[in-house]
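Two complexes follow with chain A in common, the first pairing it with chain B and the second with chain C.
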Partner chain A sequence: MEDVPVVELVAKSPCAGLLPMTVGEVTLSEVDLGVLTSVAPFKGQRKAASEALKEAHGMALPAPNRATGREQARAIWFGRDMALLAGPLPDTSLTRTAALTDQSDAWACVTLAGRPAEDVLARLVPVDMRAAHFKRGHTVRTQIMHMNGSITRIGAESFLILAFRAMAATLVHDLKQAMEGVAARG
Partner chain B sequence: MRVDDKGLIDRSRPVRFQFDTIGYSGFEGDTVASALLANGQRLMGRSFKYHRPRGVLTAGSEEPNALVTVGRGAAQEPNVRATVQEIHSGLDVRSQNAWPSLKTDVMSLNDLAWPFLGAGFYYKTFMWPKAFWEKLYEPVIRRAAGLGALSGRHNRDKYERAYAFCDLLIIGAGPAGLMAALVAGRAGVDVLVVDEDRVMGGRLNAETYVIDAEPGSAWAAAVVAELQGMANVRLMTRTTVTGAYDQGTYAALERVSSHLPERADGAPLETFWRIVARRAILASGALERPVAFADNDRPGIMMAGAVRAYLNRWGVAPGQRVAVFGNNDDAHRTATDLVEAGVEVAGLIDSRPGAQVTGTGFPVYTSSVVAGSTGRHGLTGIAVQGPNGHHRVEADCLAMSGGWNPTVHLTCHMNGRPTWREDIAGFVPTPGSVPGLVAAGACNGDFSTAACLAAGSAAAKAVVKDLGGKTTRVSLPDAEDKAYQIAPLWAVPGKGRAWLDFQNDVTVKDVKQAATENFRSVEHMKRYTTQGMATDQGKNSNVAALAVLADATGRAIPETGTTTFRPPYTPVSIAAMGAGAQGAGFAPQRYTTSHAVSVEMGAPMIEAGLWYRPGYFPRKGETTWRQACDREVEYVREAVGVCDVSTLGKIDIQGPDAAAFLDFVYTNTFSTLKVGRVRYGLMLREDGHVMDDGTTARLGEQHFVMTTTTAAAGNVMRHLEFVHQVLRPEFDVRFTSVTEQWAQFAVAGPRSRELLNDILDAPIDKDSWPFMACGETSVAGIAGRLFRISFSGEHAYEVALPSRYGESLFRLLVKRAESLSGGAYGMEALNVLRIEKGHITHAEIHGRTTAFDIGFARMISTKKDCIGKTMAAREGMVDPMRERLVGLKPVGPVKQLTAGAHVFERGAAAIRENDRGYVTSVAFSPTLGHSIGLAFVRGGPERLGDVMRVVDHLRDIETDVEICAPVFVDPDGGRTRG
Partner chain C sequence: MRLTCPLCGERDRREFYYQGDAVSLNRPSPEAGVDAWDDYVHLRDNPAGETRDMWQHEGGCGAWIVVTRNTVTHEVLGTALAGPAAGARI
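Here is the complex of A and B:
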């Protein structure tokens, strides 16, 4: 056996080399959510799919603009008739009632945390992100500057933001601009 | 000059700044206008057309005269209102529209030519010769007229956009707005108060009103302090609400840093807000209007309310001997305030015969008007015309008031028209003009302080109730409640020019001229005279102008009507509206996982939609892109090439009806496709034209992956959603984009299998992976997918792994390809390869071509329906004489082909009438050694072998070509299947 090169692949995260970053009181960090799976119940199977999800992973299918579960295993409403299961490898029982699609590598996942995180988002997102309206467990598919994304409140001062993986650099750029604008106001 | 013990400025903090390179001193709290007036500088600008010397007219954002340029270099900002710009140390302000200097302006010669420069002058004078307008007249006129200019250089100032939400938006923080905020705030409502000034209080800061036995400004400050302590109330100063839009959306411009000497890192100059409010209270106050009389535009002539504002707010007496002229009781306050402050009042002139004047210490002229003025660069005297004839009054400042116009603008932004109120001789908002918005206070015609406070309170109470809340008892403070007495006076008759629109130099005479020439509609008059069309939008002149028009046309004011108030209320820089879109913020940048490696390899990037794709990978010694491209084509034809194709859209489709769904969206059949196989599909729009094409793989009985072109990925996704949600909701099918999930690479060429077998965990062969096979694979233990498909016409595969491994896989594939005498190839080579093979892209399926045109008519299955089938079968869509796809090869001495060139018969003139088609794609084929092209030619396939002319009129190239089949390399597909 001579000269047979070993095939090796190295994984690279979407925001590698770009994050973490702190501007003022806000920190933007990349987060590994584990396995991401879109769960789209088949026709008439919403209830059954929700039960299967509860059985297998402990959370119901979220209603529109809501996220269920907790850290390590979350189901985030992801659009019409769809949730994103974030964390566990989906149980095969789910395939009976819903279309499952692996999206683990499709999204750049970041958290935005800090007291003025809402103010940062107010510069990019045309949705009322204030705690009184957008509570923990609320989620939205919306515009982030000029990108499509998903935002979920995961804490009093922290948000989970998902954007297309290929646009990770733009996501970081746009958030940085907004963070600087907020920090400059003190 | 300054008046002691007056004003809301901080005299312990002097500020130095420059105006036209001369140093001036003011105090913190001053605007450029107040500081210049304090220094006795009355001349601040030149007018637009006649270059008349002008001073400040107002003390607010409606200022038409005192426009200045702030800053120097790339960031210089023109047309800044001196009444709005706050001074700070180092502020560098320049006058505009004057040369060589403000005082000695050569273009003021225009003023002597005024008899020739009236309304309609341009239209009548510069009619001929026709070509001269664009080339001579307009450039010359534009140079002579005008305002400040941008630098023309890249401005690095940062601007910002932001969104805000509230239950109640209060626009304006004068007595009405503050009272409304207090009532709503105490009731716990989510309130946002927006005011354009640096301090809230509105007219309370400019007048000597007393509220609850304390100065009005102190009452305002106390209310603001209370509001600041409420968690449910947000206060925004230096912010102007500029527009009212659908569904409770308001635009607002915040001046964030323009008042600061030093800007923090990343701080924006301005922020453009979009505010969404469930309810809004408009408390925008009123704007005082001038009276038109001869030469009423001299520096030193200003609004009476502005004179009081400079005196009371900034402690500045705008003159040493001030005359006051008005048609209402409110103007009288000016004289009494001035006398109390120790400023000499030259006289109070009131046009009304029975005017009651209470103040003392100045001469009073009732039944009198100001009929003219003197003073070149500043007022020296006025001509008073009374019952006993003319006499001159010496004065260096005239405070005039023609009454107040409620600031109704925002209520008209959604097509509302204001209502005329005879008693105040002004327009007020028509209720319901903007859904969810009510007007309160002076903007609604309530002019006394007590009435404003009451109106603000009542409006807030109604909103609180409407929103389901409860108000606590808030008692109304005591305040003046003087009746507003006015008798309309728009223009003083007489000779000379009496200005209406100061900024655009429109006079009473111009408006009358318009009426004479039958521009009787107020909209026509506006456009003929340019009344109200300057940057101030005629805030203090529109009503007077239409009153003059009404008079000239013998109609009443309501009958004459107003012009349309449109957003923005005050000028908004485009930079603010488009904030964030400079440089990298212009559009999202979409990078493939191999991007960094491609850049490392020196590949220039080509934008494909939002994606960036490598054009080619240059090697040392290559001097042109063609050399690299030819080499890369050769890799694929002779050895093996590697190309990132992740940008193609990938849609995961699942469900019991997935196959039926595909049958419906594609022209050809997918339900018959076996699991583990791929099929090329063609998709039509509903109008029968080709929408997109691509391959779809069947991964399972109910599981497909569709591939779209890079450019149309979004469109196809939207189309599928439309088809599923609207046309065929009964289909049990689910789909989602997986474009980003997979890093996919084409491995193409005769040695492609050899390369793959070097890296795949399980080797493949001809039988296990024949042409158009697909399935699971793995590389270094990482599960992926392998498709045997080819866009190059060679034996080729596409291998896909989860994106996190994309960069690593690309490096590996390129390295292995290089060891097999191949390497990476970019978009240029990819394009050449597909043209050689006659494969279409959106250059061919550009939206106007049909399946018939591209030679794919037989791909529309006769056994089933599909989107676009019926429309594609229309007679004209299958006419053999349509422009249809063919190949081209040069046969004459000229060998060059260009895309976009048109096709003509040999011997026919290359004119539109003889057009026989056009070239869509061209390439130099290194495989064939000459240029090749794809074109749509009338009758296409029936012309094979014919020689035609291809003429590129833009590049001036003409080539004789032979019409041939569009597949140049391996027409029978032996290499692909190999």
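Here is the complex of A and C:
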């Protein structure tokens, strides 16, 4: 049998060729969160699902508007009765108490970092993202300009932002425009 | 206008999608008969006073929310997650 040529396929990230970008004091970077899995507990199984998640990956299911875990393995509240496990391949034990859906290729994931990062978000997001109100470990499902997304504070001056992968260029465009606006005001 | 999502808190109106009367919480059974279904699909009250509507927090957590408001004063009196607690027969 003849040898079949094997093409080396290289995964292209959602923001390939667009990021990183620094404007003024704010830097926008793409981040590879690893495997993304939505975890939706079955009816009446929230507590059991949280225990299973803790057992397998070390963090409880987050309450609304909260994220648990840390870099490499986060659980981000992602809507009614749903969390997004970001990082590890989900342990099969989770399937006993929750519906799991692989969303790894569905999201563009970026970090916005720098002292005026809050000011940048203030131009795009209809929620108060200032530290007094939105602390580390807090998360929101809200809009970024016209798009639905997820924003989590991961540090004093840094945010993790998720938007639909197909809208990656729009996400970068809107954030860039806001970054330029903030930088121009000095 | 601001609405309070029971999960997300007070949010701007732009994050919400309006569906209409909260009648969908009480869908008749398939065997309920023509009159019940005619009522469910087509007939609506037009109250001067308190009414309940379905809104979706579409630009947020995705939850369906029952909003109680007063059609005379435009006051929003309360919000609840759609489900049994909001009076849904599910």
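By definition in this document, the second predicted complex is superposed on the first by the 181 of 186 C-alpha atoms of A that agree within 3 Å, B and C clash if a C-alpha of one lies under 4 Å from a C-alpha of the other, contacts with A are read in each partner's own complex, and residues count from 1 in each chain.
Everything below uses one rule, namely that a contact is a pair of C-beta atoms (placed from the backbone, for glycine too) under 8 Å apart; a residue touches a chain by one contact, two chains touch by 3 or more.
Because the structure is a prediction, the values reported are computed rather than measured.
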- Task: Would you check which partner chain A:A106 touches, where first means chain B only, second means chain C only, and both and neither mean what they say?
- Result: first
- Task: In the overlay, answer first, second, both or neither for which of chain B and chain C A:P126 touches.
- Result: both
- Does the superposition put A:P64 against chain B (first), chain C (second), both, or neither? second
- Task: Report the partner of chain A that touches more of its residues: chain B or chain C.
- Result: B
- Task: Kindly classify A:F42 by the partners it touches after superposition: chain B alone (first), chain C alone (second), both, or neither?
- Result: first
- Query: When the two structures are overlaid on chain A, which partner does A:E8 contact: first (chain B), second (chain C), both, or neither?
  - Reply: first
- Query: Same chain A residues contacting chain B and chain C, which ones?
  - Reply: 80, 126-127
- Touching residues (chain side chain A, partner chain B) in the complex: 7-14, 23, 38, 40-43, 80-82, 98-99, 101-107, 122-123, 125-128, 130, 132-133, 145-147, 164-170, 173-174, 177-181, 183-186
- Query: Hey, which residues of chain A end up touching chain C in the complex?
  - Reply: 64-65, 79-80, 126-127, 140-143, 148
- Item | Touching residues (chain side chain B, partner chain A) in the complex | 158, 160-165, 190, 256, 263-268, 271, 274, 276, 580-581, 584-585, 587-593, 610-611, 652, 654-656, 725, 732, 734-743, 758-759, 779-780, 782, 801-809, 812
- Task: Enumerate the contact residues on chain C facing chain A in the complex.
- Result: 7-9, 11-12, 14-15, 58-63, 81
